[in-house]
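The structures come next, written out as structure tokens.
Below are two complexes that have subunit A in common, paired first with subunit B and then with subunit C.
For the complex of A and B:
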């Protein structure tokens, strides 16, 4: 993904993610050029937060922030946030993943359309699934490494409708 | 000290609660502004409120306006802890009647500093 195609300057989005992990989770993450390899086939976790205009306005673009990581890494991240060992899914673990996606989206929003409203986070946990958000075009993908495992933060844009 | 934590995320209530318990605070929790108002109405002796912005049912700004309109509660310090991080949001929050504004992610020392300031 080229810098020109990005919705937010790459270093800004990377800084947001690094700060959230360092300050709220006490985990060091490092931006990497791209995911070193295709994600392993196990269970995957996806957190989605969308942002759209509070008033229905067809000329306003909407956006979504998507956080995607392996189940193993999600357990480690959620465990760090909750300060307890996590090795299975629960409502609380999903809530923690959603909150991380929410923090990334909230901080990213300032650089997109600040007046937009954030949705409640949606968290998907499953094996071998593909998510699809209608009309959403993926515009930016940033990859990170945390303790040797990679994860992705993506930003998509829902195109403005033309008259 | 007695505090109310209002956040729709159970995780945030838990990690904020952990910090407050270390400071020997007595804690109550609510998952949105409407529930928060109900909790405030059931008891007294509140020292401060930690409040999220984006919540279902009643958001943080509406909650603040309700609290500030209540003579019994209008002086209770409200600390907005939110993922909304722009200057506009900070301004709107303080204008509505929040006492402090902390955007996520925050340094725990920053929260500690704010808590020191609301100590009775």
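For the complex of A and C:
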């Protein structure tokens, strides 16, 4: 994936993610160069929020933001949000992961497009699953590290509709 | 789950039956028993978002089917049989949930916008829309496969 294909300047998106983790969760996050070659084993968590065009214009593409992390990191995020130790998956964990994805998308939206509306977050947790957004071109992947755990933020743009 | 469905049961059943019949030439029938899916399954979700200030802010829609039915659906939309997971299956599942939600939208609200669909495929996962209050789960049989359709709306914050 080339920098030219990015939807948002890399340093802007990185700044958004670092700020959200720092200000909301009091967690330090560092951008890292690349994702591991193979997905990490174990339980992972994926949060998806899409941005739909709010005008009836078929040329207006939708976008989506995807946050992917290990369950361990999700527990840390939820614990930081709730200010208590979290060791198991729960509705509170779903809420917290959805909220983080929502905040990243809400902040990223300002740099993408004004006229779009955010979807509700969808959160997936499990050991054996794959996700996809079939109408989406994944255009940007930013990798981060938080206390030794890596995570990814991805942004995609809807494939152009035919009028 | 609350008592009042978002869309009259007969209407949503009609939408699901019609989409499967017209688009896929498949017959689905309402199912009484709530068999829990086992094995590899597919969940396709889509949301309908309203303009700022609208209540509810969003509606959520999900379709859950076994992998074997996803292959059958993709095969019916493709010139060749499909026996393994591929982007064709992803596309087909996304298209079906999009059509179901697009048809249901007419019975919910006019000025809401569909999200791009999300498709999840696997043996061991849970999905949720944390802000969603599920108002309706409709079950269908398509041959040996159980089809589940979830409808809900975003909880007021």
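The criterion applied here is as follows: the second predicted complex is superposed on the first by the 158 of 163 C-alpha atoms of A that agree within 3 Å, B and C clash if a C-alpha of one lies under 4 Å from a C-alpha of the other, contacts with A are read in each partner's own complex, and residues count from 1 in each chain.
Throughout what follows, a contact is a pair of C-beta atoms (placed from the backbone, for glycine too) under 8 Å apart; a residue touches a chain by one contact, two chains touch by 3 or more.
Everything numeric here is computed off the predicted structure, so don't read it as measured data.
On the superposed subunit A, the two partners subunit B and subunit C do not both fit; they clash. In the superposition on chain A, A:24 contacts subunit B only, with no contact to subunit C. Contact with subunit C, but none with subunit B, is seen for A:52 once the two complexes are overlaid on the shared chain.
Contact with subunit B, but none with subunit C, is seen for A:106 once the two complexes are overlaid on the shared chain.
When the two complexes are overlaid on their common chain A, residue A:95 makes contact with subunit B and with subunit C alike. Once chain A of one complex is fitted onto chain A of the other, the partner contacts of A:7 are absent, as it touches neither subunit B nor subunit C.
When the two structures are aligned on the shared chain, A:141 is found in touch with neither subunit B nor subunit C.
The partner of subunit A that touches more of its residues, comparing subunit B with subunit C, is C.
When the two complexes are overlaid on their common chain A, residue A:80 makes contact with neither subunit B nor subunit C. Once the two complexes are laid over each other on the shared chain, residue contacts for A:118 go to subunit B and to subunit C alike. Of the two partner chains placed by the overlay, neither subunit B nor subunit C lies in contact with A:32. According to the touch criterion, the shared surface of subunit A, contacted by subunit B in one complex and subunit C in the other, consists of residues 91, 95, 98-99, 117-118, 120.
For subunit A in complex with subunit C, the residues that touch the partner chain are 48, 50, 52-54, 62, 64, 89, 91, 94-95, 97-99, 117-136, 158. The residues of subunit A lying in touch with subunit B in their complex are 19-20, 22-24, 81-83, 91-92, 95-96, 98-99, 102-103, 105-107, 109-110, 114, 117-118, 120.
Every residue of subunit B that touches subunit A in the complex is listed here, in rising order: 8-12, 14-15, 18, 54, 56, 82-86, 88-89, 103-108.
The touching residues of subunit C, when paired with subunit A in their complex, are 45, 47, 49-52, 57-58, 60, 85, 87, 90-91, 93-95, 113-132, 154.
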